[in-house]
Every structure is written in structure tokens, then in C-alpha cells.
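Below you'll find the structures, each written out as C-alpha cells.
Shared between the two complexes below is chain A, which pairs with chain B and chain C, respectively.
Up next, the complex of A and B:
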């Protein structure tokens, strides 16, 4: 999927290849950790919504270590997703083929772009939720426990916001997640419709605007999953309105697809069959979704098969389009054609199976979810569903057989087996070469052409053979009716281009990302059991933690260069270098992460009673002074980073080193001061808190330690980087090139600004 | 409560049977949605299939629409096809249908949310606290009596205050179309009336652990007189906490909830 998309926009690789590797390995190890969790007694059993407090150790039978592992594995997965998102967005905004404005990129790539934006923010919110949950599991905070001992009656709850807090955090992620899954399918559907109807997407501009609207609105509809939780009528009304609002752009997209068929030359090949099928399923999913938009009906559909049927029509409907996409791009990926007859057989059985599986659920909608008993008169529908399920499953076997066997037996696909396919991926060989394109792709003339080295050199003023264009290659026009003005100059591969191309891609083989992920895996597996005090678990946590940090340092020290495209379309980020853009994107997700933590604090405090909170939960020993001192330390250190930049620009080595060292010292001062403060609070003996004020004392202490602790962890990371840079500055680095200091400064100022929010929230109000 | 006194003085007590039950509200709206949804579904699906089949490629080498539309070409910069106006008309129609349907249900939402507030039936309501736990239900009556299954009189407004003693549950009586979340540390409210006596079932609608499937209990709707008898028994069985309960709970008489003895 990302490959198709980077081909479509004309990028020769991802912006940060090593980050991509790291993301992949983290993803892999998160899966392994979930696998391991099954062997730790029992795994997590609270459903995909993981509602609180069923997700806390108090309500998990046995030791619950497997459940903790799952939570930690999800954190790892989320980290992988966030890295992928940062990488992908940077690629899209920095490495588009020349002449390709954002609105010009193919609709599938655009859908991926919006998907990734949603991922960046939605997964950051999920990360906040999971980190808080993990801290409840591992270090004993009490965010999601409504009463400390887990047995008190609801009426005397000490943290009445616990259960709702999780629901808010989860659905703030959960609703955008629906579109994260669905958008790529929508993009594939539109792409396939264009090719197999031989028509350009009708109302393309409005289709795009609709997608953008949906992506934005997806973050303001989450409470429609919580209509019965007792939220008040005005809020319900607002969320009813936003929910209906978000359904309207989809109407437009559906009609746009329908009218794209008009005056077309519709060919019912397998990819189109699946896309058309997906459209029909989505129409049914949409109509039954309107039922859920009427709150009075929604109340009764809650927890029933109506919901199950509806979201399968929407989400599995989306998957249907992705299967279409698989057939569509299969020749590109493998260079071979699949068997068309088997493809059609697959579609027929799939479509029948699908509807037989899910449609009866609408009729039997009164069946409660996740309950093994249901009224006897509904049995016939459930039987039909079961039959449908087997047919659907069997149909997938046909596909696996087809796609597997076709790798050997399939006919050669050529560059483009599809008439009317228009996007860039069909202009290169199948499967595409590692370097993606024969020359630097450009749309400057209005349609795709590939620039060779010499042309690029002429335009950029650099000598030819500097590796600016990607690998050279022979002209790609295989002959059919096509509009590429073939590569103008003789496109023979130059030795220099080969070298650079080779170098850029060889460094994908860095093994540090693997080691970082392996270390993280061991550390997390250890963390899942540290609360038992078992030396095995504690040892694993320590070893894994050290391994992670060590390999991160190794990764930083490894020299690595991913060449940027010489000529590319970069609106709206022409003036922002790749690293800086990556940093900004990462910080954007970090803002949401802190937003999740701060929002959680505000939420549980309001639920408790804003002013009672201070009176009931916070000891008199918790004073303002340490916070005030730390505010002063951090602000001063930010100032020093700026000085370091100025000094580096003017090539004053001593001043650069001194400023960085000063920053480092002030940061250490911040942590020491915090350490003293915490140590004091841990060990107070007052009438209210005879056993100290620790993480588990109450929800007040939990929020204080965890939120400021997350900030402290950011300071620690900053200090590691700062210390490393101080040493390098001493050895003469950065003179005349202050960019690395600027990137660090961005991060450090951000950490500072966060503190400016935390200080009043936790020390004054 | 002054309204209480006034209603009593006027002497035309509306009882719960005169109130539009949540079940009726749901069923009538659901019917309209089902009919409209089916019609719209058939029309749109047929319309889609009509386009797919009408414009199928005949296999001829001549493009029948060559003079009106341009075909996409490899390597072109993506643009939109002609015919966008139709998209807008169709979209407009669908938007009007959806928005007016939802708007129409909104008044009933207000009714379900607020309950039959101003009527005597509301004052005459019985307020019962519902506590969910792993894995069962606890019902607390106004006199402090606690049971694990629900007994309510026919044609009375029953107001529920629902909470949980441990994890997230959801209390629902499907036949009577009443449902609300049971959250620890929070109360949610719901109300219903039942015009027919008989045995109904209450279920949990949120996954709450291994025994979730077993979180079922019976809801008995009995005639008022039978209920009175049963309720009187619960009082004589001596639950000390019934401070605010009136001595007599006759049909149509004043309230048990927070009211002074009639």
C-alpha cells in the first residue's frame, strides 16, 4: 500500500528509510509480544474496547500478566504506527514529483495521505490511553480504578470519572480508526472505478473536499458511541449533529462513484467487481447507519447485532474494495496476471457469503452481542449467518490459491495490463525496480515524464552524475496508447547514478532498528511482570531497557544518508527541510499525547469535584516552590539553546559547547530538584497521609506523578541528545551548521512549553 | 411538592397507562425508518446497477461517447470527469432525506430524555435504584427493600437510577425498550411503563467479564393490586431504611418518592 502510493506520487523511496525499518520491526515484535501473552496465564480478555475498570488488574482473574503484556504490546504497535505516520507524511510533502500539487496526487494516494493524518492524531490519543493504562498495570497508578481497593460500592467512589475517562480516550481514537481502516478502501475504489469505467472521477474536486471534511470531522463525533453513558442532552445533540454531518460527505462520494460509470466503458473484471460490490455494501451500511444516528433508535441498538451488522457492512465492505485493490495491483506487484475466471468465482462466492453472513444479523438484530444465548425464534437467522460465514471463508481460499499459483503460471503482465489506467505506477515495469523510476519523474509539462541525470543537472546546476536523479534506466514506453513524452535525452544508466542509487538503498540494511526493537520487546516482556517482583521479569526489564538505549545510541552514531530528490514538489513545505518537517510532525502527535494526559487529569478532577480535589487528595506538603524553581530552570535552558545556535552559526566553538553544556546542566538541575520533591512527598507522615503520598495513594497523586513524570521522561530524552551534542560540539561539530541544534531546540522548547501548562495545573490551581 | 398537591386536589390522576411508552416511541420510529430505508436502499442499489449495466463495454472498438467524454490516459495529471452537477442534485436529495428524518426524531428524543414530566403519572412514578455487579443485578426499592429480580406494577411510570458496583455494565429490558449504561461511580437514568402484565427479561449489554452471558434476570409486570400486596410484604419483612415511604401505595394515590403521606 505505501509502495503503491509512493509510486503514484513519484517518490523514489520513503523520506526516512531507517525509521521505516524501525517501525516495521516494532510492529513485528508487538505481534510477537501479543503471542507471548497467551503463555502468561491468560491474555487480555476485555474486548476490543477494553472498557475500564475491567481492563485493570483488579478485575482480571489470576495474575493478569498476559493482559499487561497486551497493553504494552499495543504501546509498541502504536509507537510503530506513529513513526510510520511521521515518515509517510514527510515523504508526501517533500518528495512529490515535480508539477504534482497536493490536489493533483492520485485519489488513492490522497486517501492514504488523509488516513495517515488521522493516524498521527488518533494513535497519539490511543498512546496516551495505553500509557496511562500500562502505568495502572505496572507502577500502580489508579486512573481507571473507581475505588482504590476495587471493592467499594459505586456510591462511595474515590475516582468517579474512571470508567468514563477510558471511554472518552478510547473513542476519541476509535472513531477516526474506523475511517483509518475505511479510507484506503475508498481510495482504491475510486482508482479502480476510474480505470474500469474509463472515466475520470466525476466531481473529483468535491470528492476530495468531502474526504478532507470527513478526516477533520472524524475527531468530533466520538461521543456517539457513548449516548447511554449519561452525557447531557446539549452534548448529545451536538454529537448527533456532527454525526449526521459526517455522513453527508459520504453520500456525495457514493454519488460521485455512481456517476463515474455514466458514459463509461465499464469492464467487469475482478477488481471492478469487488469495487462495485464494495460500493453496494457500503450503501447498505450507510443506510443502516442513519438508523443509528437517530438517538432514540441508537439507545435500543446499543450492544445488539444491529451494530455488528452495520459496521461489518461498512468496514468489511471496505475490505471488499481492498481485495479489489489486491487484484488490481497484483500484476504490478508480481509482474504476472491472476486467473480471471477464478477471480470471478471468488467474487461470486464472496459476495453471496458476505450477504448471507451479515444480512440476517439485521433481521436478528435483537440478539445481544457477546452473549452465547439468544431467543429461539432467531435461530434460523443465526444458522444462515453461520453458513454464510463458511462460504465467505471458503471464497478466500479460492483467492489464495489463485494468487499463489499465478506467480508461476500467470501470464506476463507487462507494464500495464489495464486499459485506461492513468497513474504513475503503471508507467514502470512490473514488479517495479527498487529505485521505483527510470529517472526523475516530473509532471511539469502536464503529464508524466522521466528526467535523466543530465537534464536534472542542467536544472539544478549540479554536475551530472552526482546522483541527483534516481537510478538511470531505459525509456519506459512499451508502445501502447500512452501519453508519456518519453524520456527526452538518451537515458542510459550512468555509473555515478548507479553508485549513489546503490548507496542510498544499501543502507536500508542497518541492523540497529532491529536491535532497538528487540531490546524494547525484552524490556516490555519484563515490565509485564515486574509487579510480581520476580527476578526473571525484573532482570528482563533491566537488560531490555539497556539494550534499547544502547542500540538507539548506536543508531544515532551510524552514518546514514538518505538522499533527497533533487527536484520535487513540496508545497506547502518548500521552506522546511526534511528533518525539520519530520520533527514538526512528530511534535504534532506529541501535542496530542500530552493533550490526552492533561485532558485526563482535567476530566477526572472535574468528575471528582474541582475544588474538593485539592482539599481531599493533595497533602499540605505539596507546595509551589519546587515547581517554581523548575520553571525558572527550564526557561533559562531554552534561552541557552538559542545562544548555542547563534554561536554555532558564528562558528564560536567554545561558546557553542558552553551553551549546550549549560542547557544540559540546567536540565539535570530540573531533574534533581524534581527528585528531591518527589522523595519528600513519597515519605511524608501527616494525619491525612500516614504512609506517604505515593503513586497509588489516590487519583490526585496518580495524575500528579504520571503527568509530570511523562514530562520528566521527555526531559531525560532531551538530556541524552543534549549531552551527546555537547560532546560533539566540543569536538568541533556544528560550526557553521546550526541545523542539528535547531532540531534539538524545537524539541526542547516544546518540552518547555508543556511545562508551562503543567506548572499551573499541578502546583497552583 | 406543590404540583403534587395540586394534581391530587384536582383529582384527575393520569396514570402510567396514559403515557406514551418508550416501547411505542421506538417501534413507531423504527417502522418509518425501516420502510424508508428499504425504499431508499432499493432505489440507490438499482440506480447503481443500472449505470453499471447500461454503460458496460460492448467490446466494440468505437467509443460510443467519444465526442462527449475524454478517456483517462496513462501519465496524465489526475483531473475530474464531467457530469458533476448530477452528483450535487443527488447529494442534495439524500441530504434532505437524512437531515429531515433525524430532525423528526429529535422531538421524541426530548420526550425520552425528560420523561412525562409535568403529568401526574410522572409524580406518581416509582423510583428504583439498579446496581449492576459481576454477574447480576440488585434492585433497591424506595423502602430500602433489595431484590435480584425486578417486580413492577402495570401502567405505572418506573424511573430507574442505574449504577454499577464494579465494572462497566449496561442494563436493558429489550421488550420494554429501556436501556442505559451502568457505570461505577456514576448514575444514569431511564424510565419505562409496561401496559401488559407478564414476565420480561433484563440483560446486560456490555461485555463485563466471563459471566457476562449469565447477567440475565426476570422483570415481572403485575397488576397494581398484586404489586401493592407484594410491596407491603417487603415492608413488613422489616427493612429499617424506609423513612420516606408512605404507608399506602394505592393506584392513583400520591407518591412514594419523597412525598409526605397523603
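Up next, the complex of A and C:
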């Protein structure tokens, strides 16, 4: 998918190749950590929703170290996803071929773009949930459990919001996640419809608007997963309305696909059959989902086979489109054609098997989900389902055989085996070369061309940015069906043409991303068992932590250059260099991360009783002054960062160094002040809190230490960067080039802004 | 923006933070909690916007960057607001 969409937008690589390697290795090691968790006694057994309080150590049988490992592995995975999202978005907004406006990028790439936007925000909320859960596991906060010391089970009066908090955080992620899985399938479906009807999507603009609407609306429907919890009726009603509302843009997309079929001349090749099948399955899945979105019906349908059937019609329906996509892009990936007859056999058996498996579940909907007993008169339907399941499974064997054998026996596919395929990936050889294109792609003339070195040099010799003909492009993915091979015929690959602007293809070979991930893996494995006090676990946590930090420093020091594209389409982020855009994108997800933490605090406080909170849970020794002092320290440090920028621009080396050193000192002061304050609170002996006010004392102390602790961790990261930059400034760096200071400042000021809210929330109100 | 502008912003931020603490020291939090809550949160929002606009230079970036951050912020507010409302 990444390859297809980078081909479709005309990029030769991702914006940050090394970050891509890092997210890959983190992803791999997160999987290994889940694997290891099976050998730590027992692993996590709470299902994919991981509902509280059963996800906390007090409710997990045995030591539960494997469960902790899984939570930590998911954090690692989520970190990888976030890095990937930042990378993808920066690529799509900074590296599109000239003339390729956002609205013109192929529909599949657009679906990926929206998927990644949803990932950026949804996974940040999941990260918040997982970090809080991990903290409950590892350092003993009490967000998700009623128990206060891990051994005795307390009452819900101590933390009445516990289990609903998890449901909110999880489903705020969980519903967008469903669309994150589904959207690429939707994009593939639309792409394949266009190619095999030989027609541009009818109402393409409305199709795109609908996709954007769905992506946004997906964040305001999450409580339809909570209709049977104790949330109040007004909010349920609102979420019923938003849920049914989200089906409207989907309806538009469905009609668009149907009209495209009606207006074009359909060729029933295998990829199209699967896409059409997916559309039919999705229509049925969508309609049955509207039933579930109605509160009253959900009371009946929840936890039954109705849900199972609906879910599979939607999600497996999506997978059906992806199978179509696999056939569609198989010639591009391998350079060979699959066997069309076997493909059709696969579709026929697949479609029959699918419906035989899942449709009877609607009829036998009274069967309880996840329970193997059901009324005897429903047995015939279950028998039918079983037969369907075997047919469906067997049909996939036909595909594996077909695709495997075709690698050797298939006919050569050439650049494009599809008559009306009009997107850029079909304009290059199959399989595509590592550098993707024979030259710098451009749509400036209205159709796809590849610029060689000389043309690029000539164009970029003009004032930067001025040469980019932003309005010159026309629809790239086929305003009307046309044969891309004819279009691209003049673009003969010239020797060495892939080198854009004299820069070679960035080397991806770096050991550091691997070492960072390995260190993280060891550290997390250690963290899973530190609560036992075992020296092995504590040692692993320490060694792994050091290895991670050391490798990160090594990665920073390694010289690495991935050049920006010489000429590219960059709306709506023209003028925001890729590092800056990457930083802002990351900060947008960090906003949601902190939002999740602050939101959790607000939620459990409301659940407890907003006004009683301060009286019942917070000691008198917790005063405003340390917070106010820290506010002054951070504000001043932010001020010094902007002064450092001014000094660097004017090439005042001493002032640059002094300002950065001042920032560093103030940040250290912030942490020292916080350390003194925490130490004091840990050891108070008052009547209310005879044993101090620690992380596990109550939900008030848990939220205070963890939220300000997350912020403190951000300060520590900032200080590492700031210290490094101070030394570089001392050695003469940044003079006349304040950009690195500006990028660091974006982060530092953000940390400052977060504190501007934590201070009143945790010290005054 | 030059150092004078930055300094002006800094002074305003400093004063606003002090006002927030003063609101507590004069006892407004005890006597009129929700009024104090309103004043303090509005001041925090103004400070945050000031830092983002002038120190992070959002004011001179394409508006799309602001929208992106606002998107994340709106998501966080939706989560907090709707979740809290669901149990009152």
C-alpha cells in the first residue's frame, strides 16, 4: 500500500526514510514482545477491547507479567504507528508530483491519506489509554481499578469512573479504527471500479467530500459501543443521531459507485468481481449496522450473532475489496499476470461461501455471541454456516495456488495490463524499480511526464517556489478514460535520470533504528516485571533504557540526508519545510495524547464529584506555590528559546549559546523544583494521609503524578535536545540558520502550553 | 518578530500567570468557585494562543497548520466534554 500510494502521488521515497525504518523495527519488536509474553506465566486474556477493571493486575490471575508485556508491546506498536502517520502525511503534503493537486490524487491514495489522518488522532487516544494502563500495571496508579493497593479490592466509591473511563478512551480510538481498517478497501474498490468501467467516478467530488466527512464523523460516534453502560439517555440519543448520520455519506459513496457502473462499460475481470462483491456485502453490512445504531434495537441485538454477522459483512466485505486489490496490483508487483479463469473460480466459490457462512447468522441472530449453547431450532442455520465456512476457506486455496504458480507461468504483464488504468503506478515498469520513476514526475503539462536532470536544473534555477505551476494540472486519475501508455510514451527514461537535482537516492542503511528498537524491547520486557522487584527484570529495564537513549543519540549524530524533492506540489503546506511539517504533525497527535490524559482527569473527577475531589483526596500540603514557580520557569525558558532564534539569525554566537544554556538551566530548575515538591508530598504525615500521598494513595494522587509526570517526561526529552544544541551552538552552529532552533522551539513551546493548563487544573482548581 | 515583540508577549504571559495565582490567593476559588474557574481557564486559553501564535509563529505559517492543531484540540475537547457529560 505505501508503495502503491507513493507511486500514485509521484514521490520517490517517504519524507523520512530513517524514521520509516524505526517504525518498522518498533513494529517488529512489539510483535516479538507479545510473543515473549506467552512465556511469562500467562499473557493478556481480556479480548481486543481490554475492558477495565479486568485489564488491571488486581483482576488478572497470577502475577500477570505477560499481560503487562502486552500492554507495553501495544505502546511500542502505537509509537510505530504514530511515526508512520507523521511520515506518510509529510510525504503526501511535501512530495506530490508537480501539478498534482490534493483533489486530483488518485482515489486510492486519497483513502490512504484520510486513513492516516484518522490514525494520527485515533492512535494518540489509544496511546493515552495504554500509557495510563501501563502505569496502573507498572508503577501502581489506580485509574482503572477500584482497588487502591493491588491486593484488596476496594469499592467503586473510591473511583467510580474507573471502568467507564476505559470504555470512553478505548472506543474514541476503536470506532475510527474500524474505518482505518476499512478505508483502504474503499479506496481500492473505487479505483478498481474506475478502471473496469473505463470511467471516472460519477460525482467524484462528492465521493471525496463524503470520505472526508466520514473520517471526521468517525470521531463523534464512539458511544454507540456503550449503549448498555450506565451513561445517560440524552448522550445516548445524541450518539444514536451521529451514528445514523454517518451512514449518509456512505450512502452517497455507494450511489456513486453504482452510477459509475451504470454509465460505464463494465468488464468483469477478477478484480472487478471482487470489488462488486465487496460493494454488495458492504451494502448489506451497512444497513444491518444502522439497526445496531438505534438504542432500543441495540438493547436486543447487542452480544448476539446479529453483531457477528453485521461486523463480518462490513469488515470481511472490506477484505473482499482488498482481495480484488491484490489481483488488480498483482501484475504490478510481480510483472506477471495471474490466471483469469482461476480468479473467477475463486470469486464464485468465495462469494457463495461468504454468504452461506454469514447470512444465516442474521436469521439465527438470537444465538448469543461467544457462547456455544443456543436454542435447538437454530441448529440448521449453524450447520449451513459451518458448510459455508469450509467453502470460503477452500476458495482462498484457489487464490494462493493461482498467485503462486503465476509467478513462474504467468504471462508478462508489461507496464499495464489494464486497458483504462490511468494512475501513475501503471506508467512505470512491473515490478517498479527502487527509485520508482525514470526522472522527476510532473503533471504540469496536464498529463504525466518525467523531467530529467537538465529540465529540473533549468526550472529550479528560477527563484525557489516560483517555478511551480500550481494551477496547471488537470485531473490525474482519468477525467475520462484514457490509455496511460500512450500518454507516457514520450517520456523516455534517460540515463541516471532518477537522480533529482544531483542528489542520489537516500541511503536507508542505518543500524540505529534497529538498535533503538532492540533497546526499547529489552527495556519494556524489564518494565513488565519490575513490580516483582526481581533483579533480572530491573536490570533489563535499566540496560534497555540506557541502550535506547544511547542509540537515539547515535542516530542523531549520524549524518543523514534525505533531500526534499526539487519540484513538488505542496498544497496546503507550501512554505512549511518537511522537518517543520513533521514536527507540527507530531505535535497535533501529542495534543490528543495530552488531551486523553487531561480528559481522563476531568472524567474521573466528574465521576467522583468535582467539588468533593479537592476536599477528600488532596492534602492541604499540596499548595499553589511550586506550580506557580514552575510556570514562571517554563515561560522564561520559552522566552529564551525565541531569543536564541533572534541571536542565531543575527549571528551572535555568544548570545545564541547563552540563551540555549539558559533554557536548559531553567528546564533543570523546573525538574528540581518538581522533585522537591513530589518528595515532600510522598512523605507527608497528616491525619488524612498518615502514610504520605503517593501514586497509589487515591485517584487524586494518581492523576496528579501521572499527568504532570508525562509532562515532566516531555521536559526531560526537551532538555536532552536542548543540551545537545547548546554544545553545538557553543561550537558555532546555527549562525545565520535558526531553523533547528525553531524546530526545537516548536516542541518546547508546546510543552510550555501544556503546562499552562496543568498548572491551574492541578494546582488551583 | 523582533526581540521587543517577544519581550512584550513574555511580560503579558508572566502577568496572566500571576493573575491566575492571585485569583486563588484572594480566596475567589473558595467563595465563587465557578467564576474563578472561568477566569482562570480563559486566561490559560489566552496564554496558550499567545504562545502558539507568536512564539511558535503560527501567525505566519499557512493557516492549514493552525487547522491541523485545532483538529487535534477539537478531538480532545470532544472526548473530554462528551465523556464528562455522559455521566452527569
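Simple rule for what comes next: the second predicted complex is superposed on the first by the 710 of 765 C-alpha atoms of A that agree within 3 Å, B and C clash if a C-alpha of one lies under 4 Å from a C-alpha of the other, contacts with A are read in each partner's own complex, and residues count from 1 in each chain.
One rule holds in what follows: contacts are C-beta pairs under 8 Å (C-beta built on N, C-alpha and C of every residue); 3 or more make two chains touch, one makes a residue touch a chain.
Treat the numbers as computed from the prediction; the structure is a model and nothing was measured.
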Looking at A:752 after the superposition, I want to know if it touches chain B, chain C, both of them or none. Which is it: first, second, both, neither?
second
Once the shared chain is lined up, is A:246 touching chain B (first), chain C (second), both, or neither of them?
neither
For A:268, select first, second, both or neither according to whether it touches chain B, chain C, the two together, or no partner.
first
Determine, under the contact definition given at the top, whether A:164 touches first (chain B), second (chain C), both, or neither.
both
Would you sort A:52 into first (chain B), second (chain C), both or neither based on which partner it touches?
first
Contact-wise, after the overlay, does A:33 reach chain B, chain C, both or neither (first, second, both, neither)?
neither
Is A:127 touching anything from chain B or chain C once the two structures are fitted on A? First, second, both or neither.
neither
Name the contact category of A:230: first (chain B only), second (chain C only), both, or neither.
both
By the touch definition at the top of the document, which applies to A:742: first (chain B), second (chain C), both, or neither?
second
Superposition-derived comparison: chain B or chain C, residues of chain A touched
B
Chain A residues contacting chain B in one complex and chain C in the other 161, 164, 230, 607
So, in the complex, the side of chain A touching chain C is made of residues 121, 124-125, 161, 164-165, 168-169, 172, 219-220, 223, 226, 230-232, 235, 238, 572-576, 581, 584-585, 587-589, 591-592, 594-596, 598-599, 602-603, 606-607, 611, 624, 628, 631-632, 635-636, 638-639, 641-643, 646, 742, 745-746, 749-750, 752-753, 756-757, 759-760, 764-765
Residue numbers on chain B that touch chain A, as the complex places them:
25-26, 29-30, 33, 37, 40-41, 44-45, 47-48, 51-52, 55-57, 63, 65, 68-84, 86-88, 90-91, 94-95, 98-99, 101-102, 105-106, 108-110, 112-113, 131, 134, 163-168, 170, 172, 174, 177, 179-181, 183-189, 203-210, 212-213, 216
Sort out for me which residues of chain A touch chain B in the complex.
45-47, 49, 51-54, 59, 61, 99-100, 104-107, 146-147, 150-151, 153-155, 157, 159-164, 167, 194-195, 197-207, 228-230, 233, 236-237, 240, 244, 247-248, 251-252, 254-256, 258-268, 276, 279-280, 283-284, 287-288, 290-291, 293-297, 299-300, 302-304, 366, 368-373, 416, 420-424, 426-427, 443, 446-449, 480-484, 607
Contact residues on chain C for chain A in the complex?
1-3, 6-7, 9-10, 13-14, 17-18, 20-21, 23-25, 29, 33, 36-37, 40-41, 44, 47-48, 51-52, 55-57, 61-65, 68-69, 71-73, 75-80, 82-88
